[in-house]
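Naming follows writing order (A, B, C, D, E, F, G, H, I and J), and every chain is counted from residue 1.
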Amino acid sequence: MSLVGKKVGEFSAHAYRQGEFVDVSDKDLLGHWSIIMFYPADFSFVCPTELEDLQDNYSQLQSLGVEVYSVSADTHFVHKAWHDDSEAVGKVEYTMIGDPSQKIIRLFDVLDEEQGLAQRGTFIIDPEGVVQAMEINADGIGRNASEYLNRIKAGQYVAAHPGEVCPAKWKEDEATLTPGLDLVGKI
Amino acid sequence: MSLVGKKVGEFSAHAYRQGEFVDVSDKDLLGHWSIIMFYPADFSFVCPTELEDLQDNYSQLQSLGVEVYSVSADTHFVHKAWHDDSEAVGKVEYTMIGDPSQKIIRLFDVLDEEQGLAQRGTFIIDPEGVVQAMEINADGIGRNASEYLNRIKAGQYVAAHPGEVCPAKWKEDEATLTPGLDLVGKI
Amino acid sequence: MSLVGKKVGEFSAHAYRQGEFVDVSDKDLLGHWSIIMFYPADFSFVCPTELEDLQDNYSQLQSLGVEVYSVSADTHFVHKAWHDDSEAVGKVEYTMIGDPSQKIIRLFDVLDEEQGLAQRGTFIIDPEGVVQAMEINADGIGRNASEYLNRIKAGQYVAAHPGEVCPAKWKEDEATLTPGLDLVGKI
Amino acid sequence: MSLVGKKVGEFSAHAYRQGEFVDVSDKDLLGHWSIIMFYPADFSFVCPTELEDLQDNYSQLQSLGVEVYSVSADTHFVHKAWHDDSEAVGKVEYTMIGDPSQKIIRLFDVLDEEQGLAQRGTFIIDPEGVVQAMEINADGIGRNASEYLNRIKAGQYVAAHPGEVCPAKWKEDEATLTPGLDLVGKI
Amino acid sequence: MSLVGKKVGEFSAHAYRQGEFVDVSDKDLLGHWSIIMFYPADFSFVCPTELEDLQDNYSQLQSLGVEVYSVSADTHFVHKAWHDDSEAVGKVEYTMIGDPSQKIIRLFDVLDEEQGLAQRGTFIIDPEGVVQAMEINADGIGRNASEYLNRIKAGQYVAAHPGEVCPAKWKEDEATLTPGLDLVGKI
Amino acid sequence: MSLVGKKVGEFSAHAYRQGEFVDVSDKDLLGHWSIIMFYPADFSFVCPTELEDLQDNYSQLQSLGVEVYSVSADTHFVHKAWHDDSEAVGKVEYTMIGDPSQKIIRLFDVLDEEQGLAQRGTFIIDPEGVVQAMEINADGIGRNASEYLNRIKAGQYVAAHPGEVCPAKWKEDEATLTPGLDLVGKI
Amino acid sequence: MSLVGKKVGEFSAHAYRQGEFVDVSDKDLLGHWSIIMFYPADFSFVCPTELEDLQDNYSQLQSLGVEVYSVSADTHFVHKAWHDDSEAVGKVEYTMIGDPSQKIIRLFDVLDEEQGLAQRGTFIIDPEGVVQAMEINADGIGRNASEYLNRIKAGQYVAAHPGEVCPAKWKEDEATLTPGLDLVGKI
Amino acid sequence: MSLVGKKVGEFSAHAYRQGEFVDVSDKDLLGHWSIIMFYPADFSFVCPTELEDLQDNYSQLQSLGVEVYSVSADTHFVHKAWHDDSEAVGKVEYTMIGDPSQKIIRLFDVLDEEQGLAQRGTFIIDPEGVVQAMEINADGIGRNASEYLNRIKAGQYVAAHPGEVCPAKWKEDEATLTPGLDLVGKI
Amino acid sequence: MSLVGKKVGEFSAHAYRQGEFVDVSDKDLLGHWSIIMFYPADFSFVCPTELEDLQDNYSQLQSLGVEVYSVSADTHFVHKAWHDDSEAVGKVEYTMIGDPSQKIIRLFDVLDEEQGLAQRGTFIIDPEGVVQAMEINADGIGRNASEYLNRIKAGQYVAAHPGEVCPAKWKEDEATLTPGLDLVGKI
Amino acid sequence: MSLVGKKVGEFSAHAYRQGEFVDVSDKDLLGHWSIIMFYPADFSFVCPTELEDLQDNYSQLQSLGVEVYSVSADTHFVHKAWHDDSEAVGKVEYTMIGDPSQKIIRLFDVLDEEQGLAQRGTFIIDPEGVVQAMEINADGIGRNASEYLNRIKAGQYVAAHPGEVCPAKWKEDEATLTPGLDLVGKI
């Protein structure tokens, strides 16, 4: 069974956030929806565009009560340096977690052991700390942060309306389905 | 390390496809891109909308040389029955694999052991049989098949243009990035 | 030692019964005689005739206080769909248990691991939950539900008349045997 | 998985048959259909009626090419003595196997370890030595040998007509079913 | 170390004795001397003469307070049948234990595993349940029950006269030996 | 299963025989019948009378082609000394094996581990080195060597007349039994 | 036993050197003396002064034929970025190895598992790849690269003059000691 | 992870110090800084010059509150003899520990198992018994005790000024660094 | 580590002493010095001269408070017989322990497993039951009991004068050595 | 079983002999008798008198073709120093083996693990490398080398005269014993 449906394990880490060094743990994930985005390495190539894309969606995510965390095996020192250096990464306002001991990366099973770097995995986590959706791409294929918005909205809708489910391609304000015996074989 | 970057293991199965019962194995994945979509159960609620959505994108996927497979723990008999019954599923033209022994579902680590059903996982596989992208959603959150189109285009572009990578939100015909020493810390 | 003479282990499952989804567990077997009939798969060939034959004997079994359960590795959703589709199965009034996690099928040791399907086993269970008789046929050989009637009558007679046993081919109202020292070697 | 569908393991034993002591092994099961009937003990109560009932069907079974073997943990000496003593058992013409080492009884998993006696199991075996049907009853419930006739006829019909299956309650000369895609959900 | 000098382990069994079925356990061995005689099988050849010979000495053994038990792997049903049939065995008045589960036979290490039958062992047991003498013969060599009389008399004499021992060929009323330092090397 | 019916294992030892030290091994047991008599200790009390009694039967045993060996955990030096000292033991003409390493005593399972001495066991062995009869007595109960004569005669008779068996109390020149189907239950 | 006297294990890694990304392996250590200096993290505090100090001694080390490598768990991307950013590190001309998979750090047993960072270890390696000297300091205590010069000179002198050893505080051109029996206890 | 940062394990030993035999244990390391210097063998060649060099720095080390211990696998008897014999070693005032059981040498992982001698390791230990620095040289390369002075001064400075760190080549009275966010990438 | 310096383990045994059979255990060794002399076998060749030699020194050993025990794997019966027979052994007044179970011989690790006999070991034991000296000779080489006198005197002297040691060849009334720092290297 | 009668295992070591450092191995023990004397430590108290005593007997031992080796856990350097320092040890002409790795000491099972020193064991070894005699004394009790002379003479006599044995207290030119049947119980 994949991580979807399981609670996130325990972790603690140093992070860089808006000019400060802060501590983050699994406890900080509780009480609100979260996105954790893993990427291979600071100062590498595809990565900054993905971090920038996520930042571009950050205010909209925040308006949905979603907190955002990026994670790589670099230290928080390197996160700050990258933030200082890179135009794209310099815009980032969310929390950049340093995981040099690779504990969080292992926790989400996205460690490329050969390289010692994280795979490009994104995890959407509900306020109970349970993974609701995950996506992992190979190197070379960038992510699209706007796709996470709909998944979170669907998750939030279903959490708020027990007994209803969102069909494929569901978008906010569209009809949902209420499972029932009479639907069997009828869709 | 996740399945991304690993070759799909060996399997063989009975399937239903366009009015016929056919056999499918991991060998059939070689030589073209593939999408394998797992879903919990025939005749359940969200599932038909996801299968329909995937069918709606099937011709476009085929034009990219992509073959599509759906998998659940139901038998191929039940797949045919559902195909006969359901308006949404009745449209499906791609291959519907029956996996009652749950071997394929285990191979992709999406078996919910408690329920004996597959989780909602989608896997994009390249012509060498290597997983290039994966996505798993909790029950209640539908998938959006159109998102797979861009990932496959990006994967195909990168495979065709060694040394270039697609940035976040990349869409066909947009500029890609060529990794180089001078890009470090400059994006 | 076979399952005969042993108590049925613990299980719980979803089932379809007369237009409703219900939950069933080993606790429901207590207090009355039961027949549990395993079959390979919904929407397959021999199976519907066996379910129909069992239904044809259902009222007579009920008059003996016997409850009837069919089990396959299909879900309860599929059971409903089959019930809706098939003329033969549509008559079924007894409980159709869905066992996609294959726990009950394993409990009765009738899982064909290669196919992931149940073998054609029938189990007669007394009000204490102890197996009193079992029968398993290879694929291709149908069962005859009327034969279970006499076995249950014999079992009920012996339970009601401690110290007597039913001879071969015994039928209701025929004489039974009372074991005694003087019978040794005299029959 | 039960014994149905598996080949009978190796064994050899002494037996009593029509006034002679003979040797029997699993090799003797090949080339014709066989019934092996286990019962608890010579000189006990229900047992003679079951042996007699099996004898009453013996000529009809022989006409179908079926050979019959009874097995208990008694010696072949005791079988002869019982045959000499008992009116019912004295009629028996089939082979009475003595299994004091309980190897055959264990091979078919019908040993009641506490008592050291066989359970009331019947096994129908095809000419390849593969179990096609099995039935086990608790003490107190007698068997009905005539029921085996139909099962063997069905097995023989299916073996002779590959691709057809016998429905429930099937009797010789009745129609069989030929599995096909169009039958799915249509019976 | 052999069983001589060790206490008999726990057992319980059904037996035939003088027209009745009775239960026997290791507890019944306490408080008096006992002979337990194992033999291969009821209705076999040497066995009845040995049982008869033991019966011929039974009254004399009883006058010494000795109880006698015969044991084979046959059931008590078969014992009764043999008793009814055989002229020699029909005289037997002592207890004939049925050991189809072979537990007692194993307890005394006289099970021929290949045949599932008891070896021809005789055990003399004192009132504390401790084996005082044992004798086992191969098939083909009959036993002589009268020899047990002297052994029991010697055992009883030594038990009654602590500090004395019976020399070879000792017979009742003959002199015994009282061990002492002065006897060393002087006999 | 007891040692009866099993071949004697390998051993070699020093022994005293008629004024000489000789070597003895299991090879020496082949080609003729043998008696091996174990006793606890040289210079102890019951033992010399048993050795003397065996000597008194030695010429008769030799005339049957039987060789005789006594064994204790004492050395062959001590055997010679005892032979020199004791009037009873001084008569002994058969082979007195010294087994200080207790290997032969263990081979026949008659080692009293607590005392380091042999139990009073006697074993009759056929010309193939297979044990045909055994007898073990507790301390305090002497043996009677003349009883071995009949057992050896019976064993020799049966070996010479395959298919016949000696009944209980059989003595030379008496009738034997030829097992046959017609004897079952008729003695 | 410490690593001193042992050959360096196998490794391969990406590195940054004078404006280029290069590959380095244990093979590159052969044929000349090497210094490998581990430090915790790029962009941290003590580290740049140590790298600068090592650079200040680099030309003198090169004139002795010594190659220099720094190692941290950061990637080679981060090394380049730090080299670009930091005035002190910007001077570095030797090879900066990236070890995000921590394999080299583990190979030299200087991984602080809790933090996922390297300890401040320095290793001097001879042309056969054997460690000749090692030094590890706690955080907070800086190293002094000039001390390595004398150790390497001593090592090179001893390698060139077999049979002589350098005494404590030895400096180039000072007398060495030639071990001999007459020196024992005389210094 | 190396020993740096770990507490010294438990040990106790006999030692020679200034004309007396004394006992030393790990408890004696607490409350002051310590140097433990291992060397291969008394009466060997490089060793005396290293002990002499350490003695030359002893008064300065004592003024810093540092206690000094030398350790080899020789006994304290041999230490005294060497102290008596050797001009260089005769000057030694610090404690010379005898470790013939090699327990302390193993504790610091500097046992050359093949030779049974200690490697040339030096360990600087803080008042809590935690190793702060270590250095090991191959045979043939002498140590320089004066280098330890600066390391201890740096360690003492940092212990006394929490939050400051000593840069490379730091010498007493030079500036230290206070880590802070603004220093990242700026040195 | 050898047995010297270790406490003798627990044992108990029968023994012959001056015309009587007595029991001996490890408890009897406490409170006085003891000699335990093992030898292979009673009635063998070298052995009696060694027992005689030990007897010749027995009165002198007794005057030192030493108790003497001889041990072989023979029984106490055989010891008495040998004592009666042999002129040399007949003089023995000390305790002759019989160890047929070989437990004491194993305890002192002098069992020749192949022969089952004791090796020629002598053990000197102090009043606390601790072995102070041991000597073992191959067969063929006799012992000299007078040598034990000096060892016991030296042991007793050292026990009475803590802090002194007896030099080589020490004899009663000669000077001993008082260990002290000033003796190191001066003898 | 003790080391007596076993071949010495493999070893190699550095040693000091008559002003030179030499290598010694188990191969050097072959072809002549040897004495190996273990002692705790150079420069300790009893030890020098024992080495001196052994030297006093060295010429006589050499005339018997015996080679002598002393062994302690000290190095050969320390042996030389002790030889230089000590009047008693300075006389030693035999080989002084250094065993700092304690391999030889373990081989002879005389390592006091707690102290890391050898126990005072002496081993007499024949030209085949087999231990013929051993002696171990507790600390405080000196050895007497002259006692070894007689043991070696006895060993040599017996080796030269197969079939004879030396009685206790045997001295050169005294009568030996020739074992024979007639000697049993007669000495």
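We adopt the following convention: a contact is a pair of C-beta atoms (placed from the backbone, for glycine too) under 8 Å apart; a residue touches a chain by one contact, two chains touch by 3 or more.
A quick map from chain label to UniProt name: A, B, C, D, E, F, G, H, I, J = Alkyl hydroperoxide reductase C.
These numbers were taken from a predicted model, which means no experiment stands behind them.
Enquirer: Name the chain whose C-alpha centroid is most distant from the C-alpha centroid of chain J.
Expert: Relative to chain J, the chain with the farthest C-alpha centre is C.
Enquirer: So which pair out of G-H, C-D or F-I basically repeats A-G, with more than half the contacts the same?
Expert: Equivalent chain pair to A-G in G-H, C-D or F-I: F-I.
Enquirer: So, what's the distance in Å between the C-alpha centres of chain G and chain E?
Expert: Spacing between the chain centres: roughly 87 Å.
Enquirer: Using the average of all C-alpha atoms in each chain as its centre, how far is it in Å between chain A and chain B?
Expert: Those two chain centres are 21 Å apart.
Enquirer: In whole angstrom, what separates the CA-based centres of chain C and chain I?
Expert: 81
Enquirer: I need the residues of chain A touching at least two other chains; which ones are they?
Expert: As it turns out, chain A has residues touching two or more other chains at 43-44, 77, 80-82, 84-85, 113, 184-185.
Enquirer: Within the complex, which stretch of chain G touches chain H?
Expert: 1-5, 43-46, 48-50, 52-54, 82, 85-89, 109-113, 119, 121, 130-147, 150-151, 154-155, 158, 165-170, 177, 179, 183-187
Enquirer: What residues on chain C touch chain B, complex-wise?
Expert: Residues in contact with chain B: 41-44, 73-75, 77-78, 80-82, 84-85, 99-103, 113-117.
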